[in-house]
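The next block holds one structure in the form of structure tokens; read it before the comments.
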């Protein structure tokens, strides 16, 4: 897409030399053929080092844009980024892609749908009602139980088991909002990557990244009815019990253990080798390792037990 | 169905002039060809103004039934209403309805099932494994990702996006119970109406109304794994994050924001323009607007922060 | 499978008379053609009375194995049991089983998949996208709404209704872990049994037992998005509202009532006829009946109300 077209779509002035823009990305990850945006003062510091060809900004932030990037000035950069995201989003399925590549050693039900452009490795079992989208890749020896949905461009490793009804790659819960309270969808250009030897229970939802990848690292075990939001990263050999949830962009270290119905708030980091009791709610970045936590807000598990003792006393 | 037959089914005495009864409804909404019931003293006040042709009541409440309605007296009106609901319920799918109407501009996967009697508007995309029931209507420009289920008679607006595995229109969780602890299903005669420009995440469940409609108003955004029970109403431009739940007949005003894993109890109202932190539990009707709440039971968000401070002190 | 082969697989020494082992089971339930294991000191007491042909044990527990069973000594019995479980697990679907038996009075969508070896009773309705696995049995008059998945060998009673997207029989969340933090899947050899007159909402997950059966007794009502883990037992006429969860091996008595978003921890028992408010978290065995509980940790509902009063006072 031409930069001049983009400027027109988002209502920005642009008189410079035109160029082709191939995608939308964060300031940090954008390459020189991509456009980015700054919509939050927190990210102003990333402008100078960004390789983005152009940056959507407002009157206040335009001064930080270096001469190597084009500044496209609009009143509401986040809203305009959302508007623009639709233009870089792919169709839900690419019906015109080449026929899917399915290794002949794999068993794929005639009632599953492997979209054009998808790839299925060796010795896989894909049961009825499964959907594997365009550009999606399934590794070797992986089993998809009935009605699993893998959205387009998501990658599933080898030796994985995904149980029935689980959805990998649905759009993250992201939108810009205006003064009238209306919401403009942010199309999610990223994907989900599930590494090798991961087992995921039934009716779990893992959203695709807005840019980049939502990542489930090797050896991890996720139970049923779990929410993994866009851009999360779950470390190797981690374990999360049923109905737990991970909010957007949370990063969880390896060998983490989450009890049932626990939750992790967005945009925080959890150091590896910690255990969280059922119903824990992680609300802050955790830098220590090897500990057991409980409660919401989160506290040391012993403190939580002490608190329950105090509460029992209070009631007497 | 003849009123005399109904009397026989529910074991009530009836000697009056027979008539045709076309449906079952609440006292408030019943029209003159419908039967209603009174099973809770809270609704006795609605008897006098009801247009219902007949009212299932017990010995205590029959005196309130005006002469314009027939009183069908039974020992357990709620149980008998449940018994009767089955007779007014439609089959899960109407195989004999006319072939579905699908606008030729829409893309519908050969592996989706559009039931007889369904209607699909213009420029829709309906991917593999989707189910659109008899009498269901999908507006224009709407996308259903794989394995979305729209039960019969539900209405989806235009410009909607529904992600994989989401179920719209399953029966609400309603039944009468007797002294032996047995439960009699209340067949849900109502539907779900999703207005325009609504996006719903993956593996979310929205139940149909027992009578009338469960309503999701325009511009609303629901995340993954959300429960919306029968007869709920979610106001325009509202936002609910993953794993939140709305119990039966709760009514939420416009531009409400619900954090992840929050919950709203049944039969209450939430004024518009309020924000509820993650894990909030709304247990009472909220009449104020523009506030931020947290906790369970619910309190002002600042009070909740203060409480956490007190708890921290208690632990020292 | 020959016992000598098993010894080789798990790395145990075995010089005795060889025999055929037909399955893997608990110490308590193993019959004389099955192998069992002891991996937790809690179960040492079950060794003496076990009928198992062989028992996987370690150096410390081997002395308790009676002369009627073969002791297979390994360093990590739980890990080796997990390794072995794969050999006794059946394929996800048995494509070579005889064609399914479907009573001619039942309606089965051409877009449903009834696997070879499955049985469907009389007057059932099975809508599009449903999956009924090999060896699974569906009773009479049962309705499966679209995209319901019944894994192999699970039994669904008569007069049941299962709503869309619900998964019955996915593998429980079980695995052995080693010192490197890696997890070895325990293949779940058991099944799920749903008795008669049970209604289950949409997008609910009920896991199969590791050995034996996860059991939902007659007349029970489960709402949407509920988690029932492996080896749970839910008593007759019980009721659980949306988003509640039952952890592994919990046993709930008849006529229990669970509010929305409540939870029951694993390996405990709940006496019959109790009610649990929304968000309750049951963390201990409950021996009393006829009570109302609330809170997490759980307390008497009146105590919970009193606690909220104290908290309100604390804030003033």
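Letters A, B and C mark the chains as written, and numbering starts fresh at 1 in each.
The rule we apply is simple: a contact is a pair of C-beta atoms (placed from the backbone, for glycine too) under 8 Å apart; a residue touches a chain by one contact, two chains touch by 3 or more.
Predicted model only: the values in this text are computed from it and were never measured.
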item: Chain C against chain A, contact positions shared by both copies (same if over half, else different); value: different
item: Cα superposition of chain A on its sequence copy chain B - rotation in ° rounded to nearest 5; value: 120
item: Inter-centroid spacing, chain C versus chain A (mean Cα positions, whole Å); value: 31
item: Residues of chain C touching at least two other chains; value: 111, 129, 147, 165, 203, 225, 243, 261
item: Contact set on chain A toward chain B in their complex; value: 91-93, 95, 111, 113, 129, 131, 147, 149, 151, 165, 167, 170-171, 173, 175, 177, 180-183, 185, 203-205, 207, 225, 227, 229, 243, 245, 247, 261, 263, 265, 281, 296-297, 299, 303, 306-307, 310
item: Of all residues in chain B, those that touch chain A in their complex; value: 107, 109, 111, 125, 127-129, 143, 145-147, 161, 163-165, 199, 201-203, 219, 221, 223-225, 236-237, 239, 241-243, 254-255, 260-261, 278-279, 308, 311, 314-315
